[in-house]
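One chain, subunit A, appears in both complexes that follow, with subunit B as partner in the first and subunit C in the second.
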Partner chain A sequence: MLIELTGESALDTYKVLFEGAFIGKNNLSETLIKSSILLLTGLSYAFVAKVGLINIGAEGQLYIGAACSAAVGIYGTFLPGALHLIAALLAGFVGGMIWGGIVGFFKERFGANEIITSLMMNYIAILVVSYLVHEPMKDMSQTYPYSYRVATSAQLPRILTGTRLHAGLFVALLCLFFYWIYYRYTSSGYRMRVIGQNRLNAEYAGYNVRKNMFAAMAIGGGFAGLGGALEILGVQFRLFDNFSSGYGFDGIFAAILANLHPLGMILTSVVFGGLRNGGLMIQVKTNVSSTLTSVVQSLVIILVLMRIFDRLPIWGKKHSNQSLRKRSSD
Partner chain B sequence: MKTKINITIIALLALILTIVPLAGCNNNASEPDETTTVVTETDAPEPTSDLIGEGLKAAMLLPGPISDIGYNGPAYEGLLRIESELAYEISYAESVDPADYENVLRTYAQEGYNLIFAHGNQFLETVTIVAEEFPDTWFAVTSAFTTNEKNISGMNLSSHDVGFLSGALMAQMPDVDKIGMVSGAEIPPLVMIYDGLRAGAAYINPEVEIANVYTDARADMAACKEAAVALLDSGSDILSTTAGTGAPGVISAAADAGKYFVGNSSDWSSVDPETVLNSVITDWGSAVVNTATLYAKGELQPIPYMNGIVEGAVYFLEYGEHALEVIPEEVLSRMDTIIEDIKAGKIIIADEVAALPEE
Partner chain C sequence: MDLVLSFLTSVIRQTVPILYVALGVLVIQTSGILEMASEGKMLLSCFITAIVAFYTGSAWIGLIVGTLATGIIGVIYIWLIQEFHLNQIIVGLSFNTLALGITSLLFRQKYAAVMEMNPILPTFEFRPAGFSIPVYVAFLMVPLLSLFLKRTTPGLKIRSVGENPRAVESIGLSVKRVRYMSGFLGSLLIGIGGAFFVLGVSGIFAENMTSGRGYIAMTAVSFGKFTPIGTLASVVLFGTGDALQYRLQAAGNIIPHQFAQMVPYLMTVIALVVFAKNPNSPSSLGKPYYKSR
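Let's turn to the complex of A and B:
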């Protein structure tokens, strides 16, 4: 109805949204590029959520990961071929890990509330990146504060010609696979899950709750950092101010929406990535303004959130959610 | 009990939210003829004689919202003008994220847009990549001083012209021996305004001194006022600035000292009409129209274009009431002569700037 007020057809707008998200080689690849980063930031939330913590610092971890991988990508040119790329990706992971680890450390040592610390760390990370691109890493040939360009040897190879779809998709899927195996089949993953479901019980069973929480925060941060690495090494090739546009936060929605389920997260990430890209296409192909586009995107998110996912049997494991709620109200 | 209420609320919300877009669709059936009539109505009274853009499509990428005053807004106005005056078919994308530059550019090119404006130097790198793939599409990049020499044009406003006009006015004001300039960051366009200002002042009177202070891109009003006060203390008689948002600080310093101010980029007289003599306007809209006109005529070259006084993209506003009282009659008429001379090619600002002594 809002759209109608601006004189555009609402139905057409939604059609453009859908087509922009999923129809055509180019659109689909753009969506997948965005989805893989959302998947990683979502994993950052999910991995930590399994031990009963809430990490909303994916955005900051992504920034630091991006900065680290950009640094290696730009200055690590002495590394041969594929090793350079791997080192740059690893740097992203380690950067995010450190940023997540700091939050984990405060939680472990001082019991600081991880919601607050992880949120605050976001701002620090964004400003750190801003400093880096204004001062030490600034490319002097550019008017705008950009870092130097990442060397070609550290750029993620494109996997579909004529589009920007890059190998980062596999990196994201690999991480998802790890997440799934880890919590499903390994004993340390089991321990973490027990901690998440009942901390007192886990302590009673002799698990080192604090260590595990720290480890989960660090690994979760690593995933988000890797997301930042993908953005820099696969799409942007330069570091600059505010490059992320909220991937960290959208990833959290995607993870919650999927109830932390690995397969569900693939689906929700693709839906969210599609919304981002489809929203962009609304702007490009119709005369609907960007702010209204955001409204449409949010509306779709709310609709998707309420109508579809709650009714599908795979995500119907509401009891785990409710037991969490019950405990917190006790 | 609680969960039950929750479910009902959610169900209700869901219902409302599904109805909202559906209602939109229902209206759809009745509304089209209404909108189409509106369109034809606006199209009909267009008296413009040559709709040379007929059948051409132009798109524009903007880094910020079209509602701003200084930068994106004027460019968007220009886009609207090429629609109404030249009959281009237009589309735009505002507040485009850097991650999406390539995607949006490529989409426009694939959709068959002939001329794509990218409003900002930050687009240049991506445009260069995409322009390779679409040799038949033409790109115009704002503030690009280099191009690929195939299908990219640079669209610039002549910062020298901006400085020249303000410098010429300031140097002519009575009792002005020293001009104070609060520059923004030391980046090419702002340095060029400063150089133009020196040239303009030197054109009037080579003896006029100019004192300049560079601030940085994040300089706020307080920082700019401080710089301006320092300039006044060192004997400046009139002030100007390129510090953008910090300009009100400079104006307020001038007002406190009873001195005048000449602005640029947008109309600053609303801040203090007693102090602001006039502002040199930089009109991105005219630059857009000029580029689109050249393209439609098939004359657009892959070079960086300068849009200045001659092209009608840089000009003084009408003088305000107070300004007319304090600016002597002969100054006003000399300014008019200077502008006419520039338009007639009798004064070439680039030469004046080149003739400046090294600082």
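Let's turn to the complex of A and C:
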């Protein structure tokens, strides 16, 4: 409907969107590249959500992570071979960890509302990166504010010839695997889940609620930072202003749609990655701007939240109104 | 002296839009709805106002249409929250993304080319003592809203719904109706804030032009302990930060402009950290309400 408003055929536009997202080796691998980052930013939300906090700072954590890994990638050339790549990835994780950790620290020590602080930290992070690429890290041979190129030894290896698909996909899947194992099978993951479900109970049980919240914030931030590292070490190779264009928020929505379920998150990340990639394709091939996809995406999210789909006969029985009510009143 | 005066003027100009939005958020939050959508509402109001003012050539028509439209959007938003018992934080965030997407899409697709030829929007011509009418109204709103919430029946209803919806229902009032009302009133105020921001402060529409001001307004409300006077005080503080930011940017090379731009956000974080313990928020804030059977 919105597309018709802009004077293009809606059906054609959606066809381009779908083809751009999933048809062909090249498009599919571009989608997977984007999905792996969405998966990581989604994990940063999910990991924190399990302890009952809301981290919407993935965007900022991703920026700082990207900046740190770019710094190591550019200046850490003295490190031999694969060690350089690992160090750069780790730097991304640590960068995100620090950024998420700050929010966690404010929450743990002062009780500052993590939703708004993490949000504000996004804006600050974007400005920090903007400063870095304009001044200290700027490649003087470039007209535009770009950082220097990441050394080849720190670039993620391609895993499919002829495309840009890189090993970051495995990094993302590994993190997802860790998330699944951690909350399902480890005792500290169990503790965190208890805290998320009932803080008072956890306190009675003697768990250190605040320390766990801080830890979750830091690790969650680390995942998002790793997402930033993938974008820099796998795709862009240079740091520049606004390189992310909303990976943080899209990842969060992907995680919410999947109800924080690991397998579901793979699915939603791939769908959102496809939307993102197809959106670019739309912009190239038709006159419709790629912001269309963010409209489609947020509409889908609101509809899902409204549980419109539960009322359809196929899904209807899964959540009866009664159980829904119980869950929301907790 | 001139420098001080012009700085004060810029403080006031930066303060007014956030003040309107913050007061709007205050009205909505007082009734127990966690207002995360103020950012998106403000942006939508900016957009609608800019378009209307551009085509009619009148700032006032733009302001009125933008404000009313935001009020209606506010009612729809409250409907979403109340009828579907959504998570108010998440739906607020996705609403903001939706608003950003729609405004950017329509702006790029339809209006950017037209507006680039004549980017300056009409402003408020009548300016007694240097400020346009909405500025005076904004500061007048503070005591008025204070009176409204404390002394009038609808104000009392809004407050009691925020504190204890069950009790309100037990005396036969409709919780939903009160929240619709506060949602509408609050969104009107947010709408004025957005409209004034685009016409009175920036003068042009740009994608994502609110850049977090809605969230800052939301922080200002809890920082101001959920009273209109307190909100005014904290908004003036943030407005000073905002004005300082522009001043620093204009001053040029002393510090990089990115750091100047950080000032409002840093101030928000610091405010949250220093005044984190906040016993004054409405007790039912953000909790979905289920009508008892």
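Criterion: the second predicted complex is superposed on the first by the 279 of 330 C-alpha atoms of A that agree within 3 Å, B and C clash if a C-alpha of one lies under 4 Å from a C-alpha of the other, contacts with A are read in each partner's own complex, and residues count from 1 in each chain.
Rule of thumb we're sticking to: a residue touches a chain if its C-beta (ideal position, glycine included) is under 8 Å from a C-beta of that chain, and two chains touch if they have at least 3 such contacts.
Bear in mind that the values here come from a model prediction, so they are computed numbers and not experimental data.
Asks: After the superposition on A, what does A:120 contact: first (subunit B), second (subunit C), both or neither?
Replies: second
Asks: So, A:280: does it touch subunit B (first), subunit C (second), both, or neither?
Replies: first
Asks: For A:289, decide between first (touching subunit B), second (touching subunit C), both and neither.
Replies: Both partners.
Asks: First (subunit B), second (subunit C), both or neither: which does A:249 touch?
Replies: second
Asks: Does subunit B (first) or subunit C (second) touch A:14, or do both, or does neither?
Replies: First partner only.
Asks: Name the contact category of A:30: first (subunit B only), second (subunit C only), both, or neither.
Replies: first
Asks: A:302 contacts which: subunit B (first), subunit C (second), both, neither?
Replies: A:302 contacts both subunit B and subunit C.
Asks: Of the two partners subunit B and subunit C, which one touches more residues belonging to subunit A?
Replies: C
Asks: Kindly list the residues of subunit A that each of subunit B and subunit C touches, one partner per complex.
Replies: Subunit A residues touching both partners: 2, 287, 289, 291, 299, 302, 306-307.
Asks: In their shared complex, at which residues does subunit C touch subunit A?
Replies: Going by the criterion above, the answer is residues 36, 80, 84-87, 89-91, 93-95, 97-98, 100-102, 104-106, 108-110, 211-212, 215, 218-219, 222, 256, 258-259, 261-262, 265-266, 268-269, 272-274, 276-277, 288, 290.
Asks: Residues of subunit B touching subunit A in their complex?
Replies: 3, 10, 13-14, 17-18, 20-21, 23-25, 27-28, 31-32, 35, 38, 59, 65-66, 91-100, 102-104, 106-108, 110-111, 121-122, 143, 187-188
Asks: Once bound in the complex, which stretches of subunit A touch subunit B?
Replies: On the subunit A side, the touching residues are 1-4, 7, 9-11, 14, 26, 30, 143-144, 164, 231, 235-236, 240, 243, 245, 277, 280-281, 283-285, 287, 289-291, 299, 302-303, 306-307, 322.
Asks: What residues of subunit A sit close enough to touch subunit C in their complex?
Replies: So the residues of subunit A in touch with subunit C come to 2, 5-6, 54, 56, 106, 110-113, 115-117, 119-121, 123-124, 127-128, 130-131, 134-135, 246, 249, 252-253, 256, 287-289, 291-292, 294-295, 297-299, 301-302, 305-307, 324-325, 328-329.
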